[in-house]
Every structure is written in C-alpha cells, then in structure tokens.
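Order of writing sets the chain letters: A, B and C. Residues in each chain are counted from 1.
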Amino acid sequence: MGDYMLAYGEYYQGRLHPASLEILSPLREIANQLGKKLALLVLAPTYEEVQNNTELLKAICDEVLVVAHESLGEFKDDLYERVVVEVVKGLRPFGVFFPATLQGLALAPRVAGKLGVGLCAHVNALEIEDGELYMLRPTYGENIMAKLYSTTLPVMATLALGAFSIKEGERAPIFKLWEMSSDFSWESKLKIRQFTPAKKEINRLSVAKVVLAGGLGLKKKENFEKLIRLAQLLEGEVGATRPLCHAGWVEEERMIGVSGISVRPKLYIGFGISGAIQHTVGMENSEFIIAVNTDKEAPLVKLAHLSLIADAEKVIDALLKKLETRP
Amino acid sequence: MLSYNLTEEERILIELIKRIGEEYIRDKALYWDEREIYDPLPIRALADADLFGLIVPKEYEGLGMGVRAMCLAVEWLSYFCAGISTTYAASFLGAYPIILFGNEEQKRKYLPEVAKGKKLCAFALTEPQAGSDAFAIKTTAKKEGDFYVLNGVKQWITNGGIADIYIVIALTDPSKGARGASAFIVEKGDPGFAVGKKEKKLGLRASVTTDLIFNDCRIPRERLISKEGMGFMVALRTLDYARCGAGAQALGIAQAAMEVSLSHAKKRVQFGQPVYNFQAVSHTFAEMAMRLEAGRALVYQVASYIDSGAKDFSGASAMAKCFATDQAMWICERAIQMMGGYGYMRDYPVQKYFRDAKCLQIYEGTNEIQRNVIARELVKHYK
Amino acid sequence: MEKIVVCIKGVPRPGTVKVDPVTHTLRREGAELMLNPHDRPALEMAMRLKNRYGVPVVVLSMGPPNVVPLLKEAYALGADEMILLSDRAFAGADTLATSRVLAKALERLSPFSLVLMGLKSIDGETAQVPPETAALLGIPSVINVREIAFEEDKVLLIRGTDYGEEELEVSPPLIVSVTTKMDYLRPPSFKRILESRELSPKVFTASDLGLSEEHLGLKGSPTQVAGLFERVREAKGEIWEGDPEELAGRLIELLKERGFIKS
C-alpha cells in the first residue's frame, strides 16, 4: 500500500484549475522525501483533451491518471465521489489531496466520509517528521497554528488556495487512462439545468497577498478612492468594512468579514477600522496586521501587530506623497 | 444609573429591539438621513419579529401588550433612528382607532395583518387649514347608498403611500361642527384615493410624509368606524393613547445624543485634559441626565397609569409628551454644543438627533396644544 | 415534501475560546457560545421554504447543554421542533466523528427532504460536515447554495461555483450547505422568544443513537492535533504615535525591510 501520493486535478470546461497545479509543489517535496510517486487524478469527458492540455504537460507530477466518461463533463458531487473512491480503492495511495476550491470542498469530504478516514482542511504547510506526515493550518481564529496528523490511511487534506506557487517540470508526466469497473454506474441524482458563467473577474481579494482595508474612520468617500491608489502602489487589493459597503462607497464583493470575504494576506493594513467582530473574523489570520486608527482602545488596535495612532486620512495622504514621488 | 423594574418580557423586548437596531439600522441611519431614503428592510425585520402586533389584542394574533411595552419598543428604536421609529409608531397610531372603536368584522379583517406587519397603517386628521385647530377640517364624506364618497386633502401624513390602511377623519355632517365628523378606513387602491409627493423634511428623513388626496373616493359603508359623528372622539382618544409613544421617541433620541456627546467629551482633549473635566461641560451632562431620567419617569409612569385601566388620561399623556419632547430638544441642542464643531458636521450623528427631535415638539399635537390640554385638565382636578 | 432539518452549531464567541492544553481541542463547556453566524442563512432559507410550502422545520445541534439557548434562538426564528444531541462521548470530535453522529440522528429523523447547514463554522472553518454527513448517509450533497425551491418531487437549487452559477435539479433527500451571503436575514420573533422559555429540546445521547464510543468524540477522530504553536510573528501590539508624516515614513521603511515595497 502507499506507493503513490494522489492529487486531485480539478478539470472543468476544458481548463485545469491552477490550484491543482499549485498543490503539486508541496506534494512533490513530500513525495520525494517519502520515496513515492506523485499522480494527478483528472476526471474529464474525454481522454484526448486531457492528453493535449498544455499545462498538464508542464506539471511536476510523475503521472496523470485520467478517468474519462461523457457524464464527467459537469461536476456532480455524488458521481465524482464514487469515481474518486473507486480510484483510491484501486490505487491505494498513501495520501489523497485536494485544492480548497469549491469543488475540492464539495468533493474531498464526501470521499473521506465514504472511506471513513480523517480529512484536514485548509492545510498550508506539509512536513515530514520521523517518517510521519504532519499537516499545518491556522486554527480557531486565534493566532495559533495547529499541527495535525491522521490516524487513518490514506491521509487526506484540502490544501489552502494561494499558499503555494506553481512549479513547472522539465519532463512531461506519464498519462494513463484509468479504467473503471465494468459495473460502475454513471448515474447521478443531480441534474444540471443551466450554467451561467461568472460575469465579473474572479475576485482577487480572497487570494491577495497584500490587503488594504478601509472603515468608517476614513470619513469621506474620496479617502477610499485614495486608499485604492495606495493599494495599487503596494500591489495589493482593497477591502472594506460592512458600513462602507452599505453606504455605497464600494461594492459588496469587497466586504471583509463574517458576511463577506475572508482574507489571509501576508500584509493587512486597516485604515480607520475599529475592528468590530464582524470584520475581524474575516482578517484575523492575516500574517502581519497593521492598524491605523486614532483610537488606541479600538479592537483592531488590540488585535494588530503594529498600530499607528493617527488620523487615517492624513497617513494615507502622507504615504501617497512619499510613494508617488519615488523615482 | 438607575434600574427600571422591568418585567422579564419587557427586558426580552428591549434586547430584541436593540438587536434589530444593531443589525438592521445602526450602520445605515446616517446614510438614510443624508439621502432621505425610506428603506423597507428594517420595517420588514420588525414585522418578522412580530413587533407590529405589540398592542394588537391576542384574539387578533397580536401580543396584547400595553402602552408601556409600546413605549419601550419605540424608545429603543428611536435610539437607533427616529425616522424608523416614526414609521413604526405611526402605524400604531393608525391601528388604535380599529382596536379601540372598530366592530368585530373590522377587527377580524384588518388586525391580524397589521399584527403580522403585512400592512402598515396611517392616521390622517391634519389638513392645510386644520393643524392645531383640528376642528377646522373640511374633507367631506357624503353618504351615497351603500357607499361614502370622500372629497378633500389631508396634509403631512406619516406613512403616506407606504401604508395599506388609512384612518381618515372626514365631515359627514358639516352643519354639526365637531359632532359632524366621522372616522373611516380607507385602503390603498380605493378608487379616487391618491397620494401626493414625498415631502422634504428637516428631520425624520427615513420616514415618509405625504399628502392624501380624495377625489370622489368611493368606499363601502362598512368602512365607517363606530358611528357617524364619532370622528373626533375616535381621533382624540387615539391621540391620548399614542402620545406616550411620542414621548418615548424623545427619550430614545435624547439617550443617544447624550451618550455620543458624553463619549466625545471624555476623549476630546483641550488645554491638556478631556473637556469633560471642565465644569461647564460636566454640569451640562449632569443636567442632561437629570432631564432625561425625569422625562423617562414621567412617560413610563403615565404609560403604567394608562395600562392600569385609567379612563381619563388626556392630561397625563399630554404631560408625558410635552415634557419629554421639550427635554429631548434641549438635550440635543446641548449635545451639539458639547461636541463643538464635531456636533455641527453631518458626518456625525448628533446633528441628526437634533433635527429629528424638533419634529416631536410639533407633531401629534404641538406642545402648545399639549399645554392647553394640561391646563384644561388641571382645573378639572384642582378646583 | 417531507420536513426540513437544519443542523446548527454553537461556536465560541471570538476572543473567549480556550484551548485545552492536553487534548489541544476547544474547551466548549466553559466558553461563551453563540450561534455560528453562517448558520443564520441556513435557518433563513429553511423559514422561507416553510413559509412558501408549509413544510415543517426541525433544528438540531450536537453539543453540550449550553447549546440549548441556540436551539431556542432557532425556534424563535421559526423552527417547529428542537433536538439536542448531547453526550460526553461526543466531545472533541473532528468532522468525521461529528458527521457520524449527525448521520445517525438524521436516520432517526427520517423521512426528511432536505438538510440545511451553514457553509462552514467560524471556529473550525472546514466546511466538511455537510458533504461528509451526506456521504455517510449515501445521499447527494450540494454546497454553497443561494436559492432553493421545490418543484413537484424535486428540489431545485442555485449553487455558486468558482466558474459561475448553476441551476440544479436534485432528487431528495439531500444535504445542502447554504451560502454565507444573503440579501436578508430575519430576526427572531418576539412571540416565539416568549414561547421558547417554556420549551425544551428532545435530547439524544450516544446510546439513543446506537453509537459506540470508539467512533465518537476525540477517540473516534482520525484527525488528531499533535501540537499547537504561536505563529512566528512580530512582538504583539506595537504602538507608534506621532505626526502622520513621520509615521508614514517609518511605515514605508518597515515595509521595505519586509519586502512589501521594492527598494
């Protein structure tokens, strides 16, 4: 048992989701350390289209295993689960890993439940210690990292989005067509009536490495516009608290908090944000938190690693002045 | 500083109102005020919370609670936004005539939907030439077979256009003067009934105020409340009950104004110390607190008196309304002063409290008229 | 359509959580619990379906007795029946051990058309329980759903994917996790809050559900915590005061040092 590490390759409408390639990076290291082969599992309507996929040709896995059937053109949770479970039972990998995309979040737990094994969520680091595989993730909203392991095999985890970068391989992986058992039923209780593609670009805020957020302490809408300029200079994304979205300063998609987006950037700067729980729940796992606020007692100041006690508008103006006049 | 001897139900009610205020109102109040927007969402929340049924009797799917509960709800809603609490309280004003004087059919037809918040109510007495002089109304209601036909204009009616049920006081017999008026239920959609444009107000800008226009508005005779000639009786009795509500609104606004300005005074440092340390400032807050608690004590004393089954409480409710609303205006003006420049800026809420509070001294009977009522009642009691 | 079941979770109020130093799990009993915020959309969805189709709603939660006020909150939102799954043996469960308990409870409550859950909880944040429970029951699951309707014997859903939106038709029973964003979430009803004071939930223990200890709680959890450690970061809560220009200059220097600004 356990010659393989299996990664799930999310393939939809002819495209491989980049997260599937991202997760190969840490898995490649682990596979090398454990002396195992790394395989990427792809479910697609035809084998040919996968073989011709240019991104897969550069993937750093050893093999690409393809299950091909016309009913796999759409993501049906129950059907996909049964396919993956059969592959896992046949291949008997040491570990099975999914990207924490919506598809991964829908599928991995079904597979883990069916197999009766543990599943770690949003893992952002993998380590080997004394031959045991440990999975690390931030936990409980506090600034704590949990080091997890599984008492069952295969080890399963979903890997956090944006935690790893894609590496390209020198050699193309070996493509193999996986034959399902002859009595496998391709039925699903789900029927997809209609698909509407996303109108807007994927919101980059949730995967941004640098986030600048604004709150009521900015006082005027023009100051929020300044914040957007500042974010551009720092190559970051802009977020806002709920009141600003309700006041119409910025669209709801930029709301950071309980009813909005969670961000986990390397750098988060909150300008004029008091730090109500509704907001902090969406950013408290940021690596480096800076608060700019006139109120030393503000919850965000208490939460931040560094706080500048000053008027947000003035600090933004000063930062813009210094950064915009750099050679 | 005090505790108010609330029952468990009353405490739960206040907690629920505060929760609704925080979730649906607080972050948007200033925005609605600035843009003069009526947002139906908080009203929907109040309806889903079964809060429109507070004073509707249990037989008609309400909670059967009294004026005290209504005042607590209105006070705490006003703390978050008096515009919203006006929409809410004005609906009770429109519901009271049916609750107090409606017949069984009318109660069964209208009250359950009012209790569930499916239909808002409005109360229409005022006309361009009849404000304080309510008896000067000219809108007529002519009996024509099985119908009444209404003609005339009502002015500055809260919830105009957003309410489904309108209580309209009109003259069925102009020759009889005050005894010639009757109260009617007019429904949105009745032929000949139109709503005027939304008025631009100084405050309470999240609530809707319009004229009502009756142009051969034809309504079935079952819409008459009580009997012909009872119009002013219905109106004045309704106002007696609702007056405490206006007083309660004043308390909520004043509470908010005092809290915001106090918090500011503790943080604002001038001449090396928080301005609260200066007696001119701290004494002002002491004065605010005294007046607020005095107003609160009076409003709830009167509310409890009404709930205990009092028959004649016009004077008492006039006192509660007049005193509390005058104090609120004083408190809000001082709150702006204590905040200095910040009090004047529209990015801060204190100026909104001030503008909201002003209307309370005017509507539901101006405080001058309230004093008339008190004076009249005084001689009845102290001969 | 058969009844709807909503599974809710009590989560520690942020800031009040204490981690048990021995087991590395949350000490739930001591913590102040609140309704998982993402469960509100699930309850809202259930109430809309109840109002529209007249289907009864059962709310259930696995947790210690201090979860009861949360069940009452769900009752106040409109749930018809409350069920508490409570047993010392359930404590410390990972998502698999939790899903086993929920699956057994749902079997007991069968037949049902739909199970609604929040997309994820704000403490564990795994989002795993809804699909995992569905797999144990052998029924379909759909996550991140923003709209539900009943059409004859089918359940219609709109789910958000990373690519857009899909309208699906599913044969019940199924488990759905509801999107976190909703246009409106109703408040609890005053009338029902007052009613809930006299009511108590039905309680199921491990033996009521026919579950044995080795599959439950910490012991039955294949995911184990080896250790917890503080994330490597700067000294907590450094405060800079002064003139905004000067602060801005210092900040830029710091960001350059950290590599956030290319010098």
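To be clear about the criterion, a contact is a pair of C-beta atoms (placed from the backbone, for glycine too) under 8 Å apart; a residue touches a chain by one contact, two chains touch by 3 or more.
Nothing here was measured: the structure is a model prediction, and the numbers come from that model.
Visitor: Which chain, with its centre taken as the mean C-alpha position, is closest to the global C-alpha centre?
Guide: Taking the mean of all protein C-alpha atoms as reference, the closest chain is C.
Visitor: Which chains, taken as a pair, are joined by the highest number of C-beta contacts?
Guide: Looking at every pair of chains, the most contacts join A-C.
Visitor: Quick one: report the Å distance separating chain B from chain C, using the average Cα coordinate of each chain.
Guide: A distance of 41 Å separates the two centres.
Visitor: Between chain A and chain C, what's the gap in Å when you average each chain's C-alpha atoms?
Guide: Centre-to-centre distance between chain A and chain C: 20 Å.
Visitor: Roughly how many whole angstrom separate the Cα centroids of chain A and chain B?
Guide: Roughly 52 Å, centre to centre.
Visitor: So in the complex, which bits of chain A are touching chain B?
Guide: Chain A residues touching chain B: 219-220, 242-243, 246-248, 295.
Visitor: How about chain C: which of its residues touch chain A in the complex?
Guide: Interface residues on chain C, with respect to chain A: 12, 14-15, 17, 19, 24, 26, 37-38, 94-96, 99, 122-136, 139-144, 156, 160-171, 174, 180-181, 221-231, 233-245, 247-249, 251-252, 254-255, 258, 260-261.
Visitor: Any idea which chain B residues touch chain A in the complex?
Guide: Within the complex, chain B touches chain A at residues 27-28, 31, 267, 347.
Visitor: Would you tell me which residues of chain A are touching chain C in their complex?
Guide: Those residues of chain A that touch chain C are 12-13, 17, 75, 77-78, 81, 101-103, 105-114, 116-122, 134, 138-152, 188-198, 202, 210, 234, 252, 258-260, 266-267, 277, 280-281, 284, 287-288, 290, 296, 301-302, 304-311, 314-315, 317-319, 321-323.
Visitor: Which residues of chain C touch chain B in the complex?
Guide: 184-194
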